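Following are the structures in question.
Both complexes below contain subunit A, partnered by subunit B and then by subunit C.
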Partner chain A sequence: MIEMEWALIIGFIAAGIRTSAPLMLASLGETIVERGGILNLGIEGAMLISAFTGFMGAFLSGNLWIGLLMAILGGILTVITFGILVVRINLDQVVSGLAINLLAAGLCLYFFRLAFSQGAFPYLSELIGPYPIPLLSQIPVIGEVLFNQTIFVYVGIVSVPITYYLIFKTSYGLKLRSVGEDPLVASYLGIEVSKIRYTALILEGIFVGMAGGLLCLSMFNVFDTRIVAARGFVAVSIVILGRWNPVGAFAGSLLFGFTEALSLWIGTFLIGPESASISQLLSLLPYLVTLIALLIGGRRVRGPAALGSPFSKE
Partner chain B sequence: MLTPLFFLKRSRVEVPTTQADQPPGSELALYVKGVNKTYPNGIVANRDVSISIMKGEVHAILGENGAGKTTLVKIISGCLKPDSGEIYIDGRRVEIDSPLKAVSLGIGMVHQHFTLIPSFTVAENIALSLPLTGRLSLDQVKERIRSVSEALNLKIDPDARIEQLPVGLRQRVEILRLLCQDVRILILDEPTSVLTPIEVEDLFKMIRELKSKGKSIIIITHKVREALTISDRVTIMRGGRVVKTLTTKETNESELASLVVEGFCPSLKIEHVRRGEPLLIVKDLRVKGDRGEVAVKGVSFVLHSGEILGVAGVAGNGQKELVEAITGLRKADSGTILVRNFDLTNRSPKTIIKNGIAYIPEDRMRRGVILTMSVSENLVLKNFEDPPYSKKMIMDKEAMERSASELITKFGIKASDPWISVNSLSGGNIQKLVVARELSNGASILVAEQPTGGLDVKASEGVHQKMMELKSKGVGILLVSADLDEILKLSDRILVIFEGRIVGEFSRDNCDMKKIARLMLGASA
Partner chain C sequence: MELERKRSLALSKGTIRSLYKAGISIGFALLLTSVLFLLTGANPFLAFYYIFAGAFGNVSLAAETLVRTTPILLVSLGLAISFRCKVWNIGAEGQLYMGAMLGTITAVTLGNTPLTLIISLLVSIAGGLAWASVPAFMRAKLGINEVITTFLMNYVSIYLIQWLLAFPFRSPDTLFPESAQIPSSAVLPVLVPYTRLHLGVIIALFVALPLVHFLMMRTTFGYKLKAVGENPEAARYGGINVGRTMFMALIISGALAGLAGFVEVSGIQFRMRPSLSPGYGYTGIVVALLGQNNPVGVALASIFLAAIFNGSTTMSRALGQPQGVVDFIQGVLVIFVLASEYIIRYLERKGVLKV
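Take a look at the complex of A and B:
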């Protein structure tokens, strides 16, 4: 009996980490661009596009890894499109981000319909499953929780120190932060603001591509235009909550991942006629926690000074 | 048409190595020839400007606001592209198309608005401008800062955050940064405008030290005395043209002043009319500062009609909070503010404006104007809801333009068009605009906070003139200024504020400058 409970708790923790993976990847990417002064609300649409390209890639080729590659490409392309709008054409970042989201939803629906006839229900016959790390996964408890996960979780966790190093310990990171604080000053010092920002956007594209791709390739085996379910927006709030620091973003992602896992977990115990409506209500939990966490942790924080403001030299 | 281009490319440009106005025995470091620049808004900022800078020379460029000094040095430092003109460094023709290129050629500029990132440390700020790649080794940068700063005897903590440093040290960081980049020609744009007198002395000491190390320094200023104190030669600019270049030793204050402002002679008449009835009564006012400390600790005074009441004090002794409470920008904790026996304590700024209180704020860029809006719009910001500017909620652009054109001429605002955005005006002209708006809307009380800060002689004189005019019409003026000369010149009565309290009151007849200065520093009189 006690063993049963243990297994349940371990399973819950492992699930929590698993559900945080897309948020982890997306919020790390968003942390990078926001440090460079770009608020990318189009991250939601970028995740949707990469979920779609990932699904199509895997479905058509029959290879999940080709799917992942396509997802990353989709992510990079969408984020770069956003980048051209805000860096090159200098449009308002918020409006451009929302436009990207609308465009993404429209494009995905259109091409999905174009590819599959009405009523068809395409699905992937397999998913990118957990990859137990030899030896480490044998460690009791920790092995199950940390080392019997999908590749996305591993990449997410390893990326935390890498991103931290990039932002705070490299000269690129220093330039990136200066561009986020005051792009005009940075340009006076000979820093190529657009080059720095495009680089950051490509990095975000890779992260977002993985985050979106994993939804279709590892979490669900079908595509739906509602599949991202505001995870992109949640990632944006995680960045604020994590104070534009990769470690903070990691912690924030875990918080939401666990809340999501919790709401699903409670849902499985519900029996009876009202269970459907209650589990619907429970699925609101992560968003509610976002709101509460922002109310508590999002006040009096100072982000990059130039975040969200358009920049032109003249 | 190919031939002339080919010819131009191949022919050796005649390289000037000496100049007619070059002092004997010195080497030319920088030569600028025939620079022209017209801004997109039609303002001609530089007309055929030529200037030569020697090695190891301090060269002052002297002129009024809008004389084209800043434009010239922005061109030299690669921040602006000239329409035409040539630049030679060490006798070689160069094309300076970016600040980075300028630095690589040994030219660096300290802007009037600093180009430092406040949330970064000194070392991080300096690292930004060094050609670094890969792993960031701040220790190396700190080592470089140490070696450069020790050679010049400048103390700086490389780990200090810029936002925690006083302005004088921030400027030092800017200069250090250029030196870390091996700059040989340093340009300082109005470097003393933000400094306290002691910091100015430090700066001048540093400039002399740099000069002794063979660096050339170009210093831009509108203060004649400053140019005389620090420079070896001085170039006077007026209306975008170079008027003359003189050897500092061979000139004097009055010659320079007359060259800067053609036919200028101070002509302000100070009249002291008998003061009228009380207009503004402040009783036992207590106001909290930004950090929750009590900044104004029970201040009481009466301002009469036709009186200029000066508030003297070192900045940061509660003047800001006092002014903000009177103008409705900050809540008063206790006490009363009465205007003609009408209680205006903690009322909205709008009510306060409607009751005839005009305000010239110290921070004119943020509080005085809306930078992205036009001159005409800014001029009616406080009365656009009233006729003739609005009729039944419809704005009358013609009425706005008429009054704007009138004020532009009357106050000498340099704006080519009433509808250009305030952004394109120089700092001095923006102040003129604020003054024009505040002084022309028929207020009975004026709160003036550093009204001539950053203005040149002529513009300051204009503001003072206008204040005297208002006074003779019965307006009561509360003049808050850190410039004791200004207070002494204009005030009928002087209050001295120290740590939130009025510590002394002087009438015009019994005022003693030394006594006031002592009180300002907290000593007992």
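Take a look at the complex of A and C:
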């Protein structure tokens, strides 16, 4: 009996880390671009496009890894489109982000319906499952929780120190941060602002592509235009709560991943006539927790000084 | 010639520029949609003919287009106020649902009384306003980005309402998760017999539209909105309470979205359903941007998008196109509204256009 409970708890922790993966990847990507002074609210739409291209790639080729490649390409392409609007044409970043989200929703809905006739229910027959790391996954408890996960969790965790190093210890990171603080001064110092920002956007595109792709390729085996379910906006919130630091983003992602896992986990334990009712109500928990966390930890925080403001040398 | 000069005198430079922007956006969006039709093997001219015929082909179709215009216009008028001071409320969908839910609960609880309709409408306004006041407070007092909070609150409201309709307020007489039917005294009367055109369209076009126009163009509040939107620092320096203006703008837009929700229940659905809105809160964003936050522009843009909404259903059936063309058009329209300023500046530099 006790052993069974123990297994349930380990299962829950493993599930929490698994549901954190898309948030980890998306918030690390967003941290990079926001450090460069760009607020990309189009991340929600970029995740949707990657989920769609990932699903279509995998469905048509029958190969999940080709799906993942398509997802990453979809992510890069969408984020670059956003980049053209805000870096090249200098449009308002918030409105451009919203425009990307609306565009993504429109394109995905239309092309999904174009590809599959009404009433068809396309699905992927397999998913990218956990990949146990040899030896390490044999360690009791920790092995199950940390080393028997999908590739997305490993990439997310490994990317935390890499992103930290990139932002704080490399010359690119120094340029990125100075562009995010004061692009005008940075450009006087000879830094090519748009080049730095495009590079950051491409990096974000890769992260967001994986985050969106994994929804279809590893979490659910179907595509729906509601599949992202505000995870992009939760990721933006996590960046604020994590104070534009990859370590903070990692911690925030775990918090929200665990909340999501918890709302599902509690649901499975409820019995009696009220259970269906309560577990349905629990679906709003992750959003409510994000809002409360912002209310407590998001007040008057100071991000990169130039965050969100358009920049042109003219 | 004489007439033309008079007309050009009547329209200010800003208005002409706005018209150019709207024209360019719509032109490019329709052009791209035509390419899409060609690629999918449909004749674009025929497709647009079917869209137009489906929206305005006869009296009942035109009435349906006005029915569709009503919620879109109410939502987008509110968003125009909020966008004017650069408060990006993207939570109109949730505010609409909250208004509709609370209005329905009120109507069902009150039953048939002479005041049921009025009280329910007021409650729906209050509901949308209250729901928007949370992100408005977070924006004005704590400086938390309203785009994130309004969007997250959409999810809270929709899951909350799904639960309310599945359990505490489930109808006793049907099998679906929906509310009980509202009493007959809470129903908005039909204006044209044999159509669904209800009093809501009058509320939207002849009450809300002039009120919002007056508020934005003729009051100090309207002036404050513009000042805060153009330069919040200068506005603050000029003695305007920036936080308060943003707060008011956001809750007014919430109030109108809430009203749109209950008008939809009491004019069309007669029950609150989880599927009440096919995304009017998001369509409202496109409309407010296309109408460039001008109430008259917003009204024209509402009719335009409502027509595409309804017409594309007819077109899809006639030409075997997938549903969802309207979402595609909405998406590309926003991008071109954004890019139109750049396109105009480019044309000006080339000397093609003089504004």
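One rule holds for everything that comes next: the second predicted complex is superposed on the first by the 306 of 314 C-alpha atoms of A that agree within 3 Å, B and C clash if a C-alpha of one lies under 4 Å from a C-alpha of the other, contacts with A are read in each partner's own complex, and residues count from 1 in each chain.
Rule of thumb we're sticking to: contacts are C-beta pairs under 8 Å (C-beta built on N, C-alpha and C of every residue); 3 or more make two chains touch, one makes a residue touch a chain.
Model, not experiment: these values are computed from the prediction.
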item	value
Which superposed partner A:Tyr110 touches (first subunit B, second subunit C, both, neither)	second
In the superposition, subunit B vs subunit C on subunit A residues touched	C
Touched partner set for A:Ile162, first subunit B, second subunit C, both or neither	neither
First (subunit B), second (subunit C), both or neither touched by A:Leu60	neither
Touched partner set for A:Leu284, first subunit B, second subunit C, both or neither	second
Which superposed partner A:Val141 touches (first subunit B, second subunit C, both, neither)	neither
Partner chain in contact with A:Leu270 - subunit B first, subunit C second, else both or neither	neither
Subunit A-touching residues of subunit C, taken from the complex the two chains share	36, 40, 88, 90, 134, 138, 142-145, 147-149, 151-156, 159-160, 162-163, 166-167, 282, 285-286, 289, 322-325, 327-332, 334-335, 337-339, 341-342
Contact set on subunit A toward subunit B in their complex	169-175, 177-178, 181-182, 185-186, 188-191, 302, 305
Of subunit B, residues touching subunit A in the complex	79, 98-100, 103, 111, 115-120, 124, 127-129, 132-136
Residue ranges of subunit A touching subunit C (in the complex, touch as defined)	41, 85, 89, 91-92, 94-99, 102-107, 109-110, 112-114, 118, 229-230, 233-234, 236-237, 240, 277, 280-281, 283-284, 287-288, 290-291, 294-295, 298-300
